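Chain lettering (A, B and C) follows the sequence in which the chains are written, and residue indices restart at 1 in each chain.
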């Protein structure tokens, strides 16, 4: 079953490059998304065993992140197919600079999208250190052509930065993997084995390994100060891709970090690794706060918000105990919310033709449903009840206070407040008012149902956590929060 | 004896890269470095090299020595770019920085608590040196192709590190890493081509539209 | 002092102009010409010594002193450098510093004599000469330092006698790097291609040639002879440190050393025939590259 999860999207993705018929390709895309989601649901019911000699296995953390990825992919595919149909063979005029540009061939888009799904799935199921690395690098390479869907110089610049910075970061993570191999000695480089035999690991090498892996995968995850590629890549790519990047890919990179942290904690380096995580987490939140206030591009604002939430994730895991549970819940909530926000942003961009926050006014009037979702998204992403993020952020806050780290808690709250002010100013100003340039229009239901579904789920998670989900989250927390 | 010679040749290729003024020469130097590393992997192997080690070493040498330069030079040719390396830091300063980096790497390698005997420290020093040179090239060169070459040199350094310290790496992982680097260079080559077509140059210093 | 030591300066004095002849013959052979006679330099020297000298009114005693002091300095150098594994007549700890100083003295007086003429041509040549020598000096000293570290002796003669074939087997890469660095220094200091073109007096290419432009008669003879001795000294340095032929018979060793000297002359001729002169921008890069090689050799001996 695990192999099917990876191979189906991989094979169909490779084949999609050669399918000439556009409708057939779109059908294949939807079919793969549905099959993948179905298989994931099946994994919830019957937990599959290990494959490939223990290298591929679905533990609790893997299942959690796989579910997020699969669900997000399904919803974004529902949004993407009509989007592709609209953008097909389109020559668009760029809103910012006024030149004409075309899009990449749809076959490239679909093929890379499916390969991207396969790579992310591989990250979640991989239990071997080296295989995890290969999968993370594969996600970078599969997503680069996706960012360059709109063929113009800004997206090209974003792609180049993305490729180079992430590849260098991941190369450093490879060096970290080698350090880990030295620390492990004869122990096979499978995470469960490393945790089990943690007493035999060479501690100084493990320390250096964790540092390199944190920096390396942290680049991919968007932790400041390694985040410089993120605002460009997430703002220049099409909204569907931004949703997937923010919602699924950053989580996969985080998975790499927390698995290594698990090994460190088992070997007695828990304090060292947790301190680093808390540090990076707070710095990310601070950088995001600084750049969100007064941001002029709403997609960039959403990208910085992703950086902030990745910081919160790192902070949660760094605090330990209940903080890990909070972080895992936060991963679920944030992915769904951010994906929804990016899809709505895509609607706004499509209607207004501009990404500038100064030029967009009156979304509530022009696009009623999207406007409501936009305001709801603001409340959700900044952590207001009754949305799910409130619960997860509150759990992390409680963990900080319980651990006696009032300084961290105060900084955390202060930064959240600053970000709330920044985002609220921008997003509310965009939603309210009257638009002079753009007429109110009917929204196609394919553009509003996917984000609406996501918003509903986030709302529901704020009020009621399904038992199965709580169980999985607790299992993950237990797995990772090993003291 | 021959292992030492190969290591010194690798160091010389790195110094050559730092002082090079033409892109074609840089690409060819990286190719030579790739082949040298394949030889290194064979020579440094503890004990009798098995078939898988042979496969990885020869495959890696062919990939880095033949395929990558071909890909990069093809991207450059169709891009019709000027042949000069345009550095932020000139060749003389780069060379001096390289010699300093070599000193630092040797010093660091002696300080690291290595699990193996004396031989590893030279390998580790050369590995660290290649990583530092790769990072330097990425930062101190303007043209996108030089950044790709810097990335390759950095990967070479990390690979040398793996050869020095990791006793036995699973074949699948080695192949996976090679495949990843191959696809990375492939995608970067395509990006290079697009950049040259879009901007009429490949000076990444000019890519400053996106900022806050 | 042994006969084998005393013969070395004598050989230098007698045979050094022959080096120019060998180089020119090699270049001519490459070009498909017959070329000037091998003894041409001797004919030039005797011709120049018989001529009178004309001195410009703008020059001072420095201009007259330049060639003389230069020749004196390089004569000191000839008694310092060993040939063929036998110690030189004058050897003491740290004499390699004296060698560098003496070559520097020669260079200083040549340059000031050139500046003394007040002509911008010579001034330009002087500035280039000083720049390139400043960059070549670290290469020379670092290379010699690496050799000192390798052989454990701070005297040129000590280094030379300590060299043997085993040294090449043990530290081959280090010696190869030092050889390459010293070869570049030799080409740079002696105004050979690819650093300077000894055939032309064009503004584009000249460095050493232009500094000798205003001298004539015996002064020019001294400069020519001094240049020949400088080439001999640097080539002897290269040979003495690199060629580990130690047959046990001192005379055979010196003979082998002589043979190697002319091999070096042929090598210089080959290099000159196969390369064009480097752009002036690239010459510092070449020299710093040689310095980097020498530094690498030193680092390798330190570990």
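Basically, contacts are C-beta pairs under 8 Å (C-beta built on N, C-alpha and C of every residue); 3 or more make two chains touch, one makes a residue touch a chain.
It should be emphasised that the depicted structure is a prediction, and the values quoted were computed from it without experimental measurement.
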Chain contact topology (line, ring, star, complete or other): line
Innermost chain, taking as reference the mean of every protein Cα atom displayed: B
Label of the chain whose CA centroid is most distant from the centroid of subunit A: C
Rounded Å distance between subunit B and subunit C, as computed from the means of their C-alpha atoms: 38
Centroid distance [mean C-alpha coordinates] between subunit B and subunit A, Å: 31
Averaged-CA centre spacing for the pair subunit C and subunit A, given as whole angstrom: 67
Touching two or more other chains - residues of subunit B: none
Per-residue overlap in subunit A, given as positions that touch at least 2 other chains: none
Footprint of subunit B on subunit A - complex, ascending: 128, 130-131, 133-134, 137-138, 140-141, 144-145, 148, 151-154, 156-161, 163-164, 167-168, 171, 174-175, 178, 181-182, 185, 202, 204-205, 231-232, 235-236, 291, 295, 300
Complex contact set, residues of subunit C against subunit B: 172-173, 177, 282, 284-285, 288-289, 292-293, 295-296, 299-300, 303
Parts of subunit B lying in touch with subunit C, wherever the complex brings them together: 1, 4-5, 8, 11-12, 15, 19, 21, 91-92, 95-96, 98-99, 102-103, 106, 110, 122
Subunit B residues within the subunit A interface of the complex: 113, 115, 131, 135, 138, 144, 147, 151, 154-155, 158, 161-162, 165-166, 169-170, 172-173, 176-177, 179-180, 183-184, 187-188, 191, 194-195, 198-199, 204, 207, 209-210, 212
